[in-house]
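Heads up, the next two complexes both have chain A, just with different partners, chain B and then chain C.
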Partner chain A sequence: MKSKTNKKVIKAAKETVFYLFLTTLIAGVLLPVYFIVSLSFLSTREAYQYPLPLVPALKTDMELGYGERGYLLSVWDRIDKEYQTVLDTADLEKMEYYIKSQLGTKITEEELLFETSRLENSDEKSVFFTKPRALLNNYDTFFRVTRDAVPALIRSLQIAALTILISLSIGGLAGYAFARYVFKGKDTLRFSVLFVRMFPGVAIALPMVFILARANLYDEPLGLSLIYSVGAIGLTIWITASIFMGIPESLEEAAQVFGASKFQAFMKVTLPLALPGLAASAMYIFLGAWNETVAAIILTQFKPTFSVVVYQTLLGASGQVNLAAAGGISMALPAIFFTFFLRKYINRMWGGVKV
Partner chain B sequence: MATLEIKNLTKKFGRKIIAVDNISLEVHDGEFLVLLGPSGCGKTTTMRMIAGLEEVTDGTILIGDVDVTELPPRKRNVSMVFQNYAIWPHMTVYENISYALKLKHMGKSEIDQVVHDVASMTNISELLERLPAQLSGGQQQRVAVARAIAVSPKVFLMDEPLSNLDAKLRVSMRTELKTIHASAKATTVFVTHDQSEAMSIADRIVIMQDGKIVQIGSPEEVYEKSANLFVADFIGTPPTNFFDVKLKKTDETLHLVHPHFDLPLSPKNTTLLQGYAKEHLVLGVRPENISLVNEQAKIMSTTVLVVEPQGSHQVIAFKLDKDIIKMVAPSQLKMNTGATIHLNFKQEALRFFDPDSTLAIGD
Partner chain C sequence: MATTKPKSFRKIWGQATPYLLILPVVIYYSIFWVRPVVAVIVGSFTDASGFFTLQNFVMVFNDESFFPALYNTAIIVIISVTIEFIGALFLALLINRKFWGSSIFLFLMLIPMALPAVATGAMWMTGLTAHGWINSLLYYLGFLAEGEKIYWLGGLQQNQLKLLALVIIIDAWQVIPSMMIILLAGLQNLTEEVKEAGYVFGGDFITVLRKITIPILQPTIQTAVILRLISAIQIWLIIVLLLGFGRLPVLVERIVYYHEEVPGLDVSYQMAAGYTIVVSVIVSLTALLYLRVSGAFKKEETV
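Moving on, here comes the complex of A and B:
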């Protein structure tokens, strides 16, 4: 009886340790993500508070009284549990701007006028009012204030699409050749396609500036996608070659015997079977091109990519962490969507090609 | 259906490797021809050249009197069953069978008709909507065969189609392939390294070694009249027993002298060896041509080494010096290891080979 209880205790202890470990692991992975998501919804005032609020407020409680220079605006602080004075001004326009930009709260000129007249007409020292938060304020500001965020987003999508197109067509064909044909210098080539990946973007960026400038592709999406393709092709060859090797040649030969041309056999048999591998490559290429910043900073001037724009919001006097977070999330979303879009194929990739 | 003719076909890989060395053969209309040989003998390469999957280094291939040597596979009107079946895994059984027909621009209802015909012929009618991954090895094999006969080709090629099946299924599929062949009347070339498969399925067997054709003949011919030592050894289980013997002439009869026996030859065999000038030759005796006799009729006596019961018969092994000799005896005879047996050879079935050229003497 005693040993039975002991066993139960040991089992419970083991499980506890296991779940503690698991929780720590998950927290380690998810907390930073949670942090940046939550930060992207905080108002500027909240973002610079200490300790940082865990969740953004959904409404703002404000108090309007009389100050030395005019009206005195106070805001309810969720942490200190008191109204804190934030502004003393007679300029209503300034106050409206402050509420919108710093407190991330929806208010109109009329509403503010209404509150001031309510204060004037009452005997109280102050009036209280509550306005809803504009949760997407940071995103709105990011795209409105940041110099050409939207065109940069479109450019980044263009670059990613172009890079996928170039890398998949060249890399995929090369991967097919590596998988199917025997030719001179195959081993050397196999190594050298990965060799180009050993050079960091920064290292080759400067010569690239000259080369692209000569080709009239400096500060052009096509130029950047060419640069990204250099590394992406190597990776694509690597992935697709192993995929094509996993597809028996006899499947294609059978198609040829049964009436298909070499091209038809490839399109109808090999390509559909290679789709998971191609999708995985496409995902890698997309993420690489989409997230790349260093080379993009060097190789663009008036036409920055989205990652450059996000990077810039972190710098300089205009740098605001909540804006940068909103930019970061805006940048992550397309990558997440794209990966989910390809999920079906990627999952098949984990299981390998079944033939 | 059509005839298939191969003239002086040669295939070289690179400069040095000669996979197929100047072979010629003809497959008659509706014939079931088996290319047989050990791995690396060039039989699969030959078949792939017929299919058009391998370029021809030299020589011509004629299908129904049309030179197809330079044509791509799709224009040769052949079909093929691959060793690994090569069924397209992303298509259903129906799509697998109908794909070739679609490429031929056949009408939808006609395709449907053909698919159902071949499916019932190969016993896969209820599997048409399945994907290959949901089929057993034997079923995949049937799909591959159905796909191949659906196109009603001029020549039907099979590249070791049974080698991936388990032993029992392999034997039953042999019978089925033979039945299908009988009803489809397709000119067929079948590649295998399994001699018993070849023997049981073929109209004629082509035995290849090192890229050359060694012998062409019916299963009986290659078994009873093996053209050389290689064929005699390759065909038959257990294989032919070989004895290095000396020729000795006493009176009018020839004697074959071996350390363990002295065999006087029958008049017919004596005539056969009349023209043979050398002193040494190799005597080939099939296991069933060694007979157990009483002491008076024996040419040698020995003790049993191992008895291998086979049900219908038994294989008795004994040792002569270093060589293990195998013979076949009815299973009714009680045999034990160590028992003394008296043996003689059946004169009419003896084969003689030249030890230098390895060729059979007297054919």
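Moving on, here comes the complex of A and C:
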């Protein structure tokens, strides 16, 4: 009896240690992600502070007093733990704009007028008030201020969809051939998947400028998706071959026994069974096309992709870290969403892949 | 006679099917891959006025950044592929144990793979500046005194080891997940019985791993490592995002440097093309060497 409880205790202790270990691992891996998310919610004022606040504030405490030029606005600094003067102006519109843009805080003109009249009518030197933060302010600003963020987003979706269409149809056919047939040159083609990757992608993008320009596809979504498909088709061949190998050929043969043609057997039997795996490869292709930046910078001019827009916010003249963070996170969200589904299909996609 | 004709036609048709299925790929590759590649190869053997020359390669080898770029790339590839393989194998073995919550754990570990390069760039750029979140975190944890800062990206040109270490860590952080999913897929195909047999015969975890799991996993490991090796040699974007051009030269960074940063020079295009060919040759030789050593060619025509 005693040893039984002992064993239980040991097991529980082991499990606790195991899960503590996992938590540490998760924390370590996701720590950088946490900070970029946190940064995307920080106000511009706080984003440039050191040390950087660990969590975004949910409200802003402000103090309004009299200054030399009019009203003196001070804001509670969470790091130095004191009110710090940030603005001295009589212009309420300017103050409202400052609170919105620099402090990322919601305030209306009426509310500000109310606070100033409260100050005028009181005997105190200053009045205190608290307003809720506009947490999505950076996201809002990113999409409003950044030139063509929304059209770029739509273009990126178009490009990803086209890339999926091209790679899955062309690569899928070859993948099926790999899974079902023995033919001469099979190994050469299998290695060619690697071969295509051995030539630096940037170096291909450069001569492609001329090739696409001649075809009137430079600076067009279709042009970019044609380039992305070069890399994507290779992996799609491997992955779809693995998926088709996972579906027994005997099922197709059985359908043929019942009078279906080979094509019908494929359409009616194999394809429906392969569909979840193929959907997973589509998501995989999406990740590549959606995230790609370098070729997009080279091959676009007036019609940038979303990744290029984020890149420009990050490094361009308009660069502002909290806005870039918001752009980066908006870009990462669909990719992370697809990854959530992808994890179920890892085995179907990569299980049969062998160099 | 009349009956055999459609039959043989059918036979030929049947034999042609796989070739018809791979035909679109062949056409696609020849238009969108072979053409630009040939253009670069021709460019690498041509001087500015369009005549054949080997001068471009002489210029590349005489470029004062060539050997630093070669060394840096070699160091990054050797260390990062090793670290990434060990990390990915460890994670794959862990997740394959199928504990409570392993599916969510897998998802969380995959997140670095899903992040776009610009987002990771932003993440590490804001982290590694003197006022960044890494120093802030160290300050809150008490490792840094007030006003004290670590200049992660600063320092003298000589202090390249620190920069190399940073690049390797950041690269590993982003790349381990994509290597891990390939290894995990291989592990999931491994039946438990095989491993259990190893344990029954008195093997401990390490012995079973070394004598049973890894040998059976060998083809999967080859796939994961070769894909990684090929792209590790071509690392450049994160380096340029963090350090700009020239601070830590690597081979592909040189291609982009000559093409994008100094496009005005007479020799820019020739240098970029020359570097491209050199990189491709290095990548191909390394890949072939790895495949030969790991024995991938032995199984040819058996799939």
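Observations on the structure shown:
What we mean here is this: the second predicted complex is superposed on the first by the 308 of 355 C-alpha atoms of A that agree within 3 Å, B and C clash if a C-alpha of one lies under 4 Å from a C-alpha of the other, contacts with A are read in each partner's own complex, and residues count from 1 in each chain.
Criterion: a residue touches a chain if its C-beta (ideal position, glycine included) is under 8 Å from a C-beta of that chain, and two chains touch if they have at least 3 such contacts.
Keep in mind the model is a prediction, meaning the values are calculated, not measured.
With chain A as the common reference, the superposed partners chain B and chain C fit together side by side.
Once the two structures are overlaid on chain A, chain A sits at the apex of an angle of 60° toward chain B and chain C, using CA centres and rounding to a multiple of 10.
Measured by the number of chain A residues touched, the leading partner among chain B and chain C is C. In the superposition on chain A, contact of A:Pro272 is made with chain B only, not with chain C. Once the two complexes are laid over each other on the shared chain, residue contacts for A:Thr89 go to neither chain B nor chain C. Contacts of A:Glu253 after superposition: chain B is touched, whereas chain C is not reached. Residue contacts after overlaying the shared chain place A:Ser261 against chain B, while chain C stays out of touching range. The gap separating chain B from chain C in the superposed three-chain model is 5 Å, by closest C-alpha atoms. Counting contacts by the rule stated earlier, residues 354-355 of chain A appear in both its interface with chain B and its interface with chain C. By the touch rule above, chain C contacts chain A in their complex via residues 17-19, 21-22, 24-25, 28-29, 32-33, 35-37, 39-40, 43, 99, 101, 103, 105-119, 121-127, 130-133, 135-137, 139-140, 173, 181-182, 184-186, 188-189, 219-220, 222-223, 226-227, 230-231, 234, 236-237, 241, 252, 255-256, 259-260, 272-273, 276, 279-280, 283-284, 287, 291, 296, 299-301, 303.
Looking at the complex, you find that chain A touches chain B at residues 248, 250-251, 253-262, 264, 268-269, 272-273, 354-355.
The residues of chain B lying in touch with chain A in their complex are 51-53, 72-74, 78-80, 82-84, 86-90, 99-100, 103-104, 133, 147, 151. Remark: chain A residues 18, 22, 25-26, 29-33, 35-36, 38-39, 48-52, 54, 169-171, 173-174, 176-178, 180-181, 183, 186-187, 189-190, 192, 194-204, 206-208, 210-211, 226-227, 229-230, 233, 237, 287, 290-291, 293-294, 298, 307, 310-311, 314-315, 321, 324-325, 327-329, 331-332, 335-336, 338-340, 342-344, 346-347, 349-351, 353-355 touch chain C in the complex.
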